[in-house]
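Structure first, commentary second.
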């Protein structure tokens, strides 16, 4: 099977809007799978750090959901967006309430909540990330955060529009700074798979035995990943792979098989929807071959 | 638990666009759950026939997918719609390709395929329905079909628009006639639960042992239900219930717990999104209480 | 100046959706200008009949406005559409009220009014056209009307959508039949210029001295032409030409200089917005050269 | 006639998004009409200063058009918007090119051009305003400019979106600062009527004999006012009044009768579209009564 995986063809283009993503070796390719009883399988560059980008929105959601409970859903929806991840159209049409926590607008609202709730948002967020992944070395990449900020006019447009609708409570610069830092986090496939394993185990990290979120929240985060994890390709991923997951423009994808395992793949070239071309293919291949899917 | 179920409050309005739906007793309420090893649990008016309406689109998909295989996806997408079920906007924007098989436009394309592929589409479709549910008495309600046709201007708008884009191959009247008949099928909660049980059992009906669709297709139909089964409330249902399902404006809902059971609920009053108010609440209550969800 | 006019380059494509338009000689080119004191200037194929198509919508408006007075504006707006002439999006968004009388949806509502108000709509409409143009030979082209009907799925979509919203009161087939006939009228440049001269003369035809509409209605029809006469190129025409006017996909354009003259041009090749490429250029050249514009 | 004008009823609400507009006496009401041969008619509070707001966009256009000539139209369109004046939808759909110079996005692009072209944009713009109106006392209101900036999140969203599309070349803060200052200009009805008189006189100010723009540009600015001067009520104004004009949320309206006069009205209460309720009524009354309209 490994041979077959290596031969999945790879097309598309590496994200190019900031130098740090543009300069990644497009041939990089890693997989790491961790089961809830701590069996590990890996392949390729699974110990290389890469920019996890939007994958981090799942952790933002986990932390904001913990802090805000059901009140969270007064400020962000749980419906798939039906349009690209940075669209202002739907946001304007729906009066500043983002459709879900995984489009940029939604994640910006979550960051606004973290700024309201935490004393030292940047510091506390990275510590939360380290805790859930059981890895104290995980960190922001300040260079990536800075680059994102310099080109982040669309995000600035989104947050200003939401501020106009009253759905951003804090200073715009502060919220954007947290948002860009969270996007800049770097992890390996192994760290990702282990960091998200609590979502395969009803909210408790099976290695550290630490509860991250309660059972209900864990299920609900998975449900949101299932419906909204892949921009306007969520249906395609659900249809072909059948697992909740989340992608990032750095070429990473995390997927969860509840009750069984989490798997991270990384391949930097993106398809036209902004998801890792080869990553999508690999996960499709794996779940088709193993007949494992939640459906 | 039964007591609690009965006390879930019920609000909303019965569908009123045709007399046959308007005249249903709004207090009707039934549940039927069938496990793949043929245990059955029921409550209330579970043996009353009602108009299953859009729930039948799942069977239309199963049959059209069998007939057309992967070619089906050249004419209809698998993405959630992000807008109400009869919206022309997205259809026009996406050049006559409906977003998924469960919005009206998508189901009309499926009906067009059935008209192309079958000699006697109406007859063969109802026989397929009888076969999968193991019940030879299931039938169309000609009065409902006729009423739908008389008020079906939005569907006529949708099919004409798709014809303009080349995505309808047959005579418009013939396709609409099949579509309105399929919407008019009447079943009980018990018949529904048993009729959809093959989707909980990898495509084989566990009672008749007849294969309806192959494993992969069964999983994929479930995936589409998960993402697109509840109009623009799919995320809400997924978030709160965590099972693939499909609703109809007659007040029915079918939900599937793959590998375990199918469950049908019926309560005619609809919430503002066109889904059974009490039906949604009951399924939320059940899966929260039993902690059963695919996530 | 004539030499210069002949040398305006001509690009674009003849309308091709029905054979009758597709088979027109693309090199045809005519101009006719009539002043309110009956001076006439013409050039090229100004006595050839051609399909006036949407130009006829101005006459539909004149007649419906006469019959319905201000009540007309409860069923159709006077705002530019901002989107292509056959868009369903805006119509759906605005609950079945077309933005203006010159988009297809608006003209369909006007036809519905004519069907409600007239005993023999088709006969009475062509007689109205003959009267305002002082020419008893003007007629429908049944072959064009038939072709339009056979390919008119978008118009069928529009009228069904408006029927769903309650803004069409008569049988859909009857209204469409009238609409397609009105689109099929054939006139020469000379007949067009003379037929629309009443709009340059406050509503009275200066040759027949017959009042077609009152002063206020005449001004208002011109205002609507100014804002809505060229699909989503109305601003461009207003900006470059500065006269109220109306185009048709047959390649014709009528323009009005209130108080002075009417001018018809015909050149079948269309630009990407569906307006005569050379016709637009000629009118721009003429008004720039003569410094005549209402502004 | 004066008596009748005074009795036009007045409804609606004063603009309330900044204190400076909210605190205006809603009963204020002034008219000033200046003919090109310097006859003047006035009524009511015609010598009171008020915030001209978006009316100033016409002067921004005049100056930017002079500086940039036809190149201007590569960065902004001339089509009516079909949607509210601060909509992001159309801007996103059309890749950062605003539909016309009078929606906020379009005026922001004009301000970006002024920042590129002028050494001291704020100073030079107010001097241009003083020159065209022959009145050296006209000035910005710094308090209004500051208030606009503090609440201007929608404009910040628009400019960030255009920057993301590459249609803003300068620093966002600098462009916004110029924009908010231009919105804050205060003038009386008399100053407005005289300041815009050059547009009734082919681009030459008839009192100072100074040429502001050439004949062609003067006509084109009027054409844009005709089609785009009243947000999504441009058709209504054109239909009822029949003159090119421009309104502002301060309750002012300027209208031009080319070759004859300019007229300014002021009444702070706005209708639901953001235009002065009574101002619209007065201009409708005047042009209907005098039968003066460009059509």
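Order as written gives the chain letters A, B, C and D; numbering starts at 1 within each chain.
We adopt the following convention: a contact is a pair of C-beta atoms (placed from the backbone, for glycine too) under 8 Å apart; a residue touches a chain by one contact, two chains touch by 3 or more.
Being a predicted model, the structure only gives us computed values, none of them experimental.
Listing every chain that touches chain A and chain D alike gives an empty result.
Between chain C and chain D the CA-based rotation angle works out to 180°, given as a multiple of 5. Look at where the CA atoms of chain A average out and do the same for chain B: the two points lie 32 Å apart.
The geometric centre of chain A is 54 Å away from that of chain C, both derived from CA atoms. Residue positions of chain B touching 2 or more other chains: there are none.
Every pair of chains that touch is listed here: A-B, A-D, B-C, C-D.
The touching residues of chain D, counted against chain A in their complex, run 87-89, 92-93, 153-154, 156-158, 160-161, 163-164. On chain B, the positions that touch chain A within their shared complex are 77-83, 90, 99-100, 215-216, 218-220, 222-224, 226-228, 232-236, 238-240, 242, 244, 258, 288, 291, 293-295.
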